[in-house]
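Here subunit A shows up in two complexes: once beside subunit B, once beside subunit C.
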Partner chain A sequence: MIDYRARFRSNLAIAACGLAAFAVVPFVANSGLMFLAGLVAINIVFGMSWNLLFSGAGLLSFGHAMFFGGGAYAMALVSLHWPGLPFLLGLAIGAGAGALIALVFGVIALRRASGVYFAVLTLVFSELIHLVITKTTFLGRNDGLVGIPRPTIETGLFTLDLTSATAYYYFIVVAMACAAFALWCFQNSPAGRLIQAIRQDNLRTAFLGTSIFGWQLTAFVLSGALAAFCGAVMVPFTQIASPEIAYWTVSTQPILFTLLGGAGNFWGPAVGAILFGAIDYGTRAMHGLSEITVGTLLLLVVLLIPGGLLGFLQHRRQKKRRKPTEPAPKRTEAQP
Partner chain B sequence: MAYKMNRRGVVAGLAATGLTAPFLNTRMAAAQSGPITLGVVTPLSGPVQLIGNFVRHGAEIGADYINSNGGVNGREIQLQFRDSKANPNDASVAARELIGAGTNLQLGTISSAVALAMGPLLQSEGGVVITSGAGTEKLNHENYNPHVFRVGDSPVSRNAGLVRHIVQSRPDIRKWGGIIPDHEYGRTTWKIFEATMRKAVPEMTGEEAVIAEPILVPYGSGDYRNYIQQAMRLDVDGIYTSVYGGDAVTLYQQAKPFGLFDKIDILLDSANEFLVATAMGDQTPAHWSGFHWYYEANKGNPLSDDLYASYVERTGDQYPMGWAAEAHAAIMAYAKAIEKTGGSTETADVIDALKGLSFDSATGMRHLRAEDNQAVKNAELAYIEPSSEAESGFEVTDYVSLDGENVVEPARPGEMLDLSAL
Partner chain C sequence: MTAILEARGLTKAYGSVRVLEDVDFDLQDGEAHVVIGPNGAGKTTLFRCLSGETRINGGTIRFAGEDVSGLTGAQRVKRGIGRTFQVARIFPSMSAFENLIVAIETRERTHQGLRFTFGYIAPRRAVVAEAERLVTELGLEDTVDDVAGTLSHGDKKRLELAMCLALKPRLLMLDEPTAGMSPSDRAEAVRLITRVRDSYGLSLLLTEHDMEVVFGLATRLTVLHHGEIIASGQPEAVRADPRVREVYLGQH
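Right after this comes the complex of A and B.
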């Protein structure tokens, strides 16, 4: 029987350590590194949103950039054209845009296809969104939307000024922590376990009276909303929304994070995103080497440790735990 | 208690040391008397990499020139390169990272979208950028930002100059079409081309110019055949194109078998310099191209001669292109400005020094207007033709250098470009 309380406590401890590490960054790092750390925090949840589909519902998405870009552009439009709207409402609109895109395309894709065909459909839809952005004057076409302001949040009791990069960085850390916590709660709720049951055996789960389509669509919409939320949070930080954030290359990022870190673990995409960020930073002055390094690492991980880095560590720990019960092998001394 | 050192401990210690290395703040570590670090954020991968490479060489040659002549007040110039991948998102990440590490003076931007995105970013982060070829008119008009400078020619000097020269030399060509990249730079160039042509043709010939709707082509597309077929259907005598970089090479190569260049009398290329010609050799269609810097037009200028000789020595390539001269000019501008500030590299001091600065470059003296941060420099054009005698398969048979004062538009920072004034 799984001890959910113990699981919650251990995950909370991991999250607290991660939060502390991110909170310390502005004190020990320069503003450039703090900026990159903010992007890594966003990428962590972006990766988790993809893994909700992959490891949770068993759906492979090659088009997560459409949600990320959708949320980013919705937030950019709200900030530039309706600056009077509350910032948190802008974030909700951003997440809602992702949910809406996921709902529309999810209804079509989940009814029509499964497996690799579903993955290809998501890629096609994502390219469609990218194309629409590059052809729409309102969205800045190929040039994107620039000069997106950072907000000031009026709560009634106090004013939260997020116009500086450091203040907004802390907002990102808090927002991403809340999103990760909500995701963890969902994945460990009866609904989350039901979605996992569909992945493990959809025929048997359907036989129990569950609507497979309905729950897969729910997972797709939730994943889309979360990815869009990440995009919406990112835009005031970078102060730019360009079509590249809705391009297929962005769709590959959460896949890379998850495969590197380990798809079977909730924190897998987080480890992958941090590692990816570190490689990107370490190879920033070696042009073209970043892609080669990430590609080689991914190849090694997939071939040698298919469970990702966390899967590998978990496997080693289990092996170690098993060892004491086994009889110790006889030590054979080398003969003189 | 004895401390035992084991392999795991050493590895962990090394890893921890390695992880803390990036957290050292170089701004704090840099001494006022140490080297001056300039950031070069330019495309070093992707379809525009070949232009980025010119920027890289130009900046390095410029820095070497300054350093070998005693540096700036005795301080050496060092360069930090970052790949912008020609997109605003990656460029802004790179620019922020550099500023965070203390490199507030930057150059190398060649994409208009990137240059426009840099203004608000550098203003909020406290940096300066000198573009090395961004061609949007918005930079010194409605999107003017005091933190962005352009040492190259404005799109008006380049394109209006090109159009006026063509109308004067070929007044018989009145029907024009265009193949334009569907982004900021492309739309800018077309707007200027069309407005100047509509004004210059009646002035010269007394007849109206007939200009077809431009064919907008996507950035980074590998297949332009549909667009070429559209161009084949146009009833025009001349075609103007501002498709650039690897895209231009693809477009020209794909257009050749269709016979597009045989169908028209004149081909105007706003900016590709030798890019298409070096790729196509003797298959190059005869065309006029705008140049940031054409070395033959600047022979005898020591900076130009040094840039050309150093470039050829480094690369073995006989055809350096103007983006190298723009990055080179950006280094010269920073060097002169820092000299003027008395050695200060603080953003506000350098901005003040750059405004109104006159400095020498590979194309002669340039003047940065204080009002809109736009350089006044001469606009250069060359006519490239295929040649069976030249080893490269092509040769320049004519070139023109237009005085910058005569072709640049009046400074109107914060206001849209007045097309009626072209």
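Right after this comes the complex of A and C.
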């Protein structure tokens, strides 16, 4: 039998180590590196939101930028036009914008298409949203929305001043930790198991008496809300919402993170995002080298270790453990 | 006895091919009703129509007095119709035990609301206890921690049966429960099915090819040929029917 509590504890330990690492960054690194670390933290959860669909529900999205961009623009709009609004409410509106886009799109696409056709629909819809942003004056057209202020949070008891980059960096780390925790709880809840089950055999789940469409839509809306939350949190950090964050290249990011790190593991997108950030930083002086390095690495990973880095490590560990007596088991996608 | 499942004038066509033609079919509460017929007779199609996997083109299906013709398979499951498939359908990447957990939790989800989506990091104790009970009852102890996709054919079928029992159905539909099994496994399967039928008070609807299994289980037998019922009644009476011998049993 699976020891669920031990699994929870070990994942909590991993999360604690990760949090500690992010917490010391402002003490040991310069502001440029801290800025990058903040973006990496956001990218981790962005990647996880994509992987919720890919590994969880078995849905391939090529258009996650529409959620990320949607959340970012919603946040930018409320903070520019509605300065009195509590910041946390603004974040909720951002996440809600993503959920709404996902709901509208999901109702249409999940009924009509599956597999590659679904993926292409997500891409098309996301491009549509990008196009709308670049043509709408209200949304700043190609220039985007600039000068977005960093907030202060009034709690009644005390005031949290997040106007400095460092303070806001810590807010990002905490917000992303909360989001990742909520996602973990969802993926390990009965509903998370059910969504997994739908991916593995949808006819069987239908004949367990559940609506496949309803649960796939739930996963899709949750994933959209989470990606939009990431976008909304990022905007006050970079202080700009530009159309590029709704462009298709942004949609490829969570796919890269997940495939690099390992789709079969909850922490796969995190490993991928950190690795991606490190490559970006290491090659920052040489324009274009980052893309070449990432591209080569991805090619190698896909060809040589399709389970990603974490999948590879897990496979090696299992092989070592079983070596003396029994042959290596068939590789499965079972959750760690 | 009263009819728990009644189909009237059931018609199903795939394109221009009529697979079922004006079929009337009754299943009494508590009986084990076996449908036999040569390959292509429409057994599986009848199964799919009754379980809600495909839409019917004409006729009505009533279950426990309610018209279920327009309901989806999932909605019929909620009303008490469970089914297995010819090739056992399970969740291959999960352990056998997790398969059972999913089935039990799915049955219970409607009472839990948001707790179902975020509330638990581990299955509740009652769920685990129920799954363990099913494991003992179906004799799955040795394979319970194995990844379900690696189980043997017979164990997959038993696991699928256990998942269906977890839904607490009133009527259980088994599509060729012993297909591809060895003779000794078949006898074992017949004993198991008889046992769960008694302990759960189930009505059964089965399709089957193996005559020993058919006569070992059936309290009523229906013969389907070219999408029409040519005989239905007590197993021994149907066996003696000359038309049945001609189209089906005679070949054996």
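What we mean here is this: the second predicted complex is superposed on the first by the 323 of 336 C-alpha atoms of A that agree within 3 Å, B and C clash if a C-alpha of one lies under 4 Å from a C-alpha of the other, contacts with A are read in each partner's own complex, and residues count from 1 in each chain.
The rule is simple: contacts are C-beta pairs under 8 Å (C-beta built on N, C-alpha and C of every residue); 3 or more make two chains touch, one makes a residue touch a chain.
Keep in mind the model is a prediction, meaning the values are calculated, not measured.
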item: Partner chain(s) touched by A:Tyr4 [first = subunit B, second = subunit C, both, neither]; value: second
item: Which of subunit B and subunit C A:Leu36 touches, first, second, both or neither; value: first
item: First, second, both or neither for A:Cys185, with subunit B first and subunit C second; value: second
item: First, second, both or neither for A:Leu297, with subunit B first and subunit C second; value: neither
item: First, second, both or neither for A:Gln239, with subunit B first and subunit C second; value: first
item: First, second, both or neither for A:Leu19, with subunit B first and subunit C second; value: neither
item: First, second, both or neither for A:Asp143, with subunit B first and subunit C second; value: first
item: List of subunit A residues in touch with subunit B within their complex; value: 28-36, 39, 134-135, 141-144, 146-147, 165, 238-240, 242, 244-245, 281-282, 284-285, 287-288, 291
item: Complex contacts: residues of subunit C adjacent to subunit A; value: 51, 53, 72-75, 77-78, 82-83, 85, 89-95, 97-98, 101-103, 105-107, 109, 112, 116-123, 128, 144-145, 147, 149-150, 160, 163, 167
item: Subunit A residues touching subunit C - in the complex, by the definition given at the top; value: 1-2, 4-5, 8, 182, 185-186, 188-191, 193-194, 196-197, 200-201, 203-212, 218, 329-330, 332-334
item: Of all residues in subunit B, those that touch subunit A in their complex; value: 22-23, 25-27, 44-45, 80-83, 87-90, 92-94, 96-102, 112-113, 116-117, 119-121, 124-125, 182-184, 218-219
